[in-house]
Amino acid sequence: MGLDRRAFIKFVVGGAAGTLFTPIPWKLADDASIWSQNWSWIPRLKYGALTADATYSKLCPAGCAVKVKKVAGIAYGVEGNSANELSKGGVCPLCATGSQMLRSPSRVAGPMKKDGDKFKPISWDEAEALLADKLKGLKGQDGKVAAISGDLSGTANEVLSGFLAGLGSKSYYYMPTDQTAMAKAWNGVMGGSGQIGYDLEEADLILCIGADIMDAFGPVVRNQKAFAAKRPMEGDKTLTLVYAGPVRNRTAAVADKWVAVRPDGAAAFAMGLVNLLVKSGKSASLGGFSDFADLAAKFGPEAVAKLSGVNPEALKDVAKALLVAKNPVIVVGSESGQGAGVALSAAGVTLNAMLGSLNVLPEFPKAVASAPDRAGLLAKDLVGWLAAVDAGKAPAPEVLFVYEANPAYSLPQAGNMAKTLRKAGMLVSFSTFMDETAAMADLVLPAPHPFERLDDAQSPYGLGKATYALATAVVAPEKDCKGTPDFILGLSGKLGVDLGFGAFEDVLKAKVEAIGADWDALAGGAVHVSDKKGSAQASLDAGAMSKALAGIKGEGLVLIAQAHLNIGTGKLATPPLNLPTIRETELYGKDVFVQMCAATAKSLGLSEGAKVKLAAGGADISARVNLSEGVMPGVVAAPLGLGRTAWDPYTKGKGDNVCKILAVSAEPGTGLSVWAGSAVSVAKM
Amino acid sequence: MDSKLFPEGLERCSLGKFLGWLAFIGLGLAWGAYAAGIIFWKGIGVTGLDNYFGFGLWITFDLAVIALGAGAFFTGFLKYILKIDQLKNIINLTVIVGFICYSGAMLVLTLDIGQPIRAWFGYWHPNVHSMLTEVIFCITCYCMVLVIEYLPLILEQKQLNKIPFLHHLAHQMHVHMALFAGIGTFLSTFHQGSLGGMYGVLFGRPYAFREGFFIWPWTFFLFVLSAVGSGPVFTVLVCTFMEKLTGRKLVDFKVKALMGKIAGTMLTVYMFFKLLDTWAWATDVLPRMGLTFDQMFWGTVYGKWMLWTELFLCGVIPAIMLITPAIRNRPALLYLAAILDCLGIVINRYVFTVQTIALPVMPFDKWYVYVPNWAEWAPSVMIIAYGFLVMSLSYRYLPVFPQEKALNSK
Amino acid sequence: MQAKEFKIRWGMVIDVDKCTGCGACMVACQVENNIAPATPEMDAWAGVTHDASNKLRTLTWMLVYEINNKKAFPEYEAAYMPRPCMQCSSPACVPVCPVVATDKNEEGGIVSQVYPRCIGCRYCMAACPYHARYFNWFDPTWPTGMDKGLSPSTSVRPRGVVEKCNFCHTRFQQAKDKARQNGGDPNNLPDGAYVTACAEVCPTGAIVFGDLNNPEHKVHELAHSKHAFRLLEKLGLGPQVYYYSKREWVHRLGDNYLPNEKKA
Amino acid sequence: MEEKKTTKCGGGFLAFVLGFLLSVVAGWVVFPGLLYSELDQPIQFSHKIHTEDQGLTCDSCHFFREDGSYQGMPTNEQCTGCHSDVIGQTPAEAKYVQEYVQKNKEVPWRNYQYQPDNVLFSHKAHEPFECTECHLDVAKADKAPKYYENKLSGYSKQTMKMWQCERCHAENGVSNACHVCHK
């Protein structure tokens, strides 16, 4: 008999039954579940010796002293370097993900040349030859070669600016920050020397006018440390923090008092304090103080109330607090760390001078002799220059170098500025990442990631003492990049411009030598701190000041751009690991949110979540409304750092770029370009 | 064509028509199978679930069908243990419905867990403290019991029954059915209860938590009672639906009314305790957590209307309708009451699942709204289609309704 | 649920008055624990999309909440509240797990979560009122190359399992090994020998970490301060994470109170 | 009719038994062979030459670091201490120098005691024990043993399963808490 259907079925049944008496089903079930914990497409970990190498991370504007954590030599994390007096073991949200950014999808792979609307890779030698060729003809003509630097503390600037000087060009500009306004005030208008410092470590009262010291002003981590040191959980606080500004920002969140001040009225508020201090017999040993005091007299509490929205009593309370404090320090700036005017800065200096807290840091000696003075460069008005170029009042540069900066994205009225940058004959970007400026550049010559490079930081603005820190390359470059100063030194050699050095390391060695610090110690993560004080000699220009102050209206709807370090900076888009730190009230899907209080929303006929168009300076952005009582009436607050057009899919096209609608105006009397608290119109979409 | 497979002396629609019907069911199955495929391949990230709503449509669906499937064990209990003989006319149906509900629920659960390959850990590494462990064990065991209860019905299929061995087997199983009914009752009571317990023990979730006395036995028995208070009438609805579909009378209305009476009685008991429980919760449990009754609700999605609907429109009212003979004995009203009853239970399972975890417990926390997406709906539809399939085949080929012949003889 | 007793109880005291909400702790946590960023480009055809701005799908073991006193301008005040896993003394999540994938059984009182055991039923997430537990909705994907620099401290989780903060538990083991190597007592680590990534990175030192039972450790005293409180104390989960604030309204946001109720 | 039936039953029964036996044989004899793949080490490392001939001790290559972590398998850093260039006659060494030292690549040694990333094992905590209580005794072996890899789970056949760790912990009164061994 053949194997008929029934028999076959029985055979199968028997087989099935038999299997149950073998390891097959049980072993397979077990192994399958083990397989589910070792899926081949899930990354495996690397093991080996754990090490941590100290360096100075300049991913954030002021930089953090960090130790790069490695496993088997591969960088994977970051920890603070507690031996460093700058950030005392603290790390900012950007430097905290520094190791990941070594392998960011936005990194530029190597030198590239624009070819049509695409980039084509070239060699470093080709790049050098190409530039040398282009620059030869421009040597000795001022304004033909220009440079924009976003690194305000590095000696690399001496190399670049020295190189430009060697080519006969003075067009070296820094990206605008609070330091710009202060330098313009102190080193420019007031004719002082050195750099204004803030000895927060010694203060028993800190009054921040505008300046968001916990998020945007100066060395944020150090500010946080200085604050925390005097706020022990056990025992009483020995520091009072007062924040005067339009938004209850991160500084105000930990402040003992928040005084709501209109951003456009900040200078008036400061002058109001000057006036009250004068009334109570305080004065400052600054030239032209008496005229200044008379000018301040115009800013009685009521006048100030009109201009800044601060009620007279609140103003008097602040003045009282300043008078009783032993070491009060006044920190002035704009909420977004940029666009403030000379008036506010000068008033801030005067207040500190009247309270005996004027603190001037000496400049460190230069390494590159032919380089122009740092203070002078810091006071220069990049935005003003670009505006002039745009208007045809100044010649467009044939070659424009952009170092550690992203002007196409982060300058006020970014749209126009980007257009103006395109007028440059050849735009050269030395960016580590493919940012908006690099994307539109003719030549991209990638600089190493901060962990891969030799760099330094001298007295980042905001510190209380002249300080010097060194950054050494603690990991091998992931990409085909080259230290910008080294490239420039090579180029200068080709062009016969002698800067006195062949390699950037020698420049820094000379610098350290001149400062009188120990190279090995610095390379090991130590920081050099000098107790030398600079001269406090300066004089006030009441005339210019009165013009500037006359410009204050104190009415209408104004815009406040908020710089949140976790979201990124102008030159660093939000790193992938920082995305979760952005609140859904700041960004949701592709919509950026602007904050305003219920009263403001009501007056504009808006409600929570409403889609709006914000317009100013001939540009506009779209956003959604988030109601927050932390924003004073008449003010709209919007986060910076979103609406990227380059970078990677993690950030590209998310939200809109608030810089586009920061309307620039020239400060009367000083001519400095200002945009802090510029007017804005909000319309429902 | 397949007429010699039909139950003795009963007529069924043409094979073509039947195949057409199966094709229609097939659509639902196919859609669900597609979704299931993607879910197994890509993970449940494709669903509308999230870290707030780890439980959603699927768990609600499971709890609901398991409650509605309770007709099986309870009717079995009454028929075999309490010997209410009339129920023999509908007992087969209750078993099939129960089987569909439970097997369906288990199918959905394998989709619902993030690591289906490890599903067996539930048996191999059980945590005896977890109500879910109790549920897993009871449901699986009871599902087996249902298979055993379903089997003799299959064996009674005209052709199979000709084989002496199978015939005797079926007979023997019938003889011992009381035993299985007993086991079934025991198991079901437990897991229906522990399903309630599952929520009752969430002491971090004020919406579901019932302190001390209220964990045991309250939510436990509330779930049991609500299940037996709705299961029987659900079977009645299924039966009536089939009658409408086939155009043949399948079960004598007296039997349906009896089922209604049984469910009604249970529902009344349930509502009494449920109202008591809700009152104690609102006036005692919540205040001690520093919460008010009003804080438990938000907007329309999580509004109070849902609670009132559950308790009164779909609770008290059907209860009254079902225990009042005058109403109960009017077909239209019986069915209406049954529908409300079942609806109420579904709402109950929904709020316990979704509103419980939607409620922000931290004062600075906020409400979020959960919307299931297609990837969750499709498998649910698949399970329903699967139910239709099993039911259609059973009706066509198995002697499900003892009364059918008598009721339809002109 | 009877709370287990431990000789060592690792805990935190978080100074809400110092936290500036900068988010460094959230970033450091992701680095230490290999939490992959939300990858926007996935199989959209299958409905697999991952957007970091959808906070219901992101993995934030450490999450900084922004809280406010619910008053209108100018009385409006706000603060930031970092929320790790509370490592409760009697956790709501542990007893519900059907497969013992999560437990509180190790000296130190850290609530463990074992990924290879978890079946992903998410019952524990339903149980936790702090939203401290997260589900891996997708397989983790890093930008190309970024997964070359993973932390050796935490295994990479596949999709379909629940995960949560474990006080950087591997650092505890490393600290014990270090103590053994250098002749110290692994069961009596000095203050600071073992700190979590978030506490280590915090620029204001708002997060203090240590053994709540050990008088030598700073947290021991701080946790007993009259300014210290715990989240949802009334629920009786007994968190090992304490918050610290001198602001009354912050305290009141730490638990649910009836309108007229006074804080205990 | 009658007779036909019986043969059917008989044949059916035989078929049942046949199927049963076949699957049992397949399960116990064939299956294990299929489940594991037999692999060699990338380099035929001889412990014998290093220990007996060169007189190295175990901790010359397998040692604890200052932080208490364990070196485990040596990396080029250790090996090139001697083998920066070919110093012996064995083909294995030549291969090592050419393919790894000169190319500056680490040797992907196969670990008989392989444990997945989710397992955290502290050698320091287990220092008092003999290595061979868990590891194969290769100290005097001239040839690296075969490595058997589970095709499905990717585990080494020779490695420990969780129950073995737990048993030893239980016997020694050491905690079996999850976090003691998992990460």
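Note that the chains take the letters A, B, C and D in the order they are written out, and that residue 1 is the start of every chain.
Here, a residue touches a chain if its C-beta (ideal position, glycine included) is under 8 Å from a C-beta of that chain, and two chains touch if they have at least 3 such contacts.
None of these values were measured; they are calculated from a predicted model.
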Chains in simultaneous contact with chain B and chain D
A, C
Pair with more cross-chain C-beta pairs in contact, given A-B and A-D:
A-D
Centroid of chain A to centroid of chain B, CA atoms only: how many Å?
61
Cα centre of chain A to Cα centre of chain D, whole Å, reads 52
Take the average of all CA coordinates in chain B, do the same for chain C, and state the distance between these two points in whole angstrom.
39
Suppose each chain is reduced to the average of its Cα coordinates; what separation in Å results between chain C and chain D?
37
Residues of chain D that touch two or more other chains sit at 67, 69, 116-118
Touching at least two other chains at once: which residues of chain A meet that condition?
32, 34-37, 44-45, 47-48, 50
For chain B, which residues are shared contacts with two or more other chains?
115, 118, 121
Residue ranges of chain B touching chain C (in the complex, touch as defined):
38, 41-46, 49-55, 112-115, 118-119, 121-122, 125-127, 129-133, 136, 198, 201-205, 287-292, 295, 356-357, 361-365, 368, 373-375
For a test of understanding, state which residues of chain A touch chain D in their complex under the given definition.
1, 3-4, 6-8, 10-19, 21-24, 27-28, 31-32, 34-35, 37-38, 40, 44-45, 47-50, 72
Within the complex, which stretch of chain B touches chain A?
115, 117-118, 120-121
How about chain A: which of its residues touch chain C in the complex?
34, 36-37, 39, 41-48, 50, 71, 74-80, 87, 89-93, 96-97, 99-100, 102-105, 214-215, 220-221, 224-225, 227-228, 231, 233-234, 248, 250-251, 253-254, 258, 260, 478, 565-566, 575-585, 587-589, 597-599, 629-633, 648-650, 654
Which stretch or stretches of chain D touch chain C in the complex?
64, 66-69, 116-118, 120, 122, 124-125, 127, 175, 177-180, 182-183
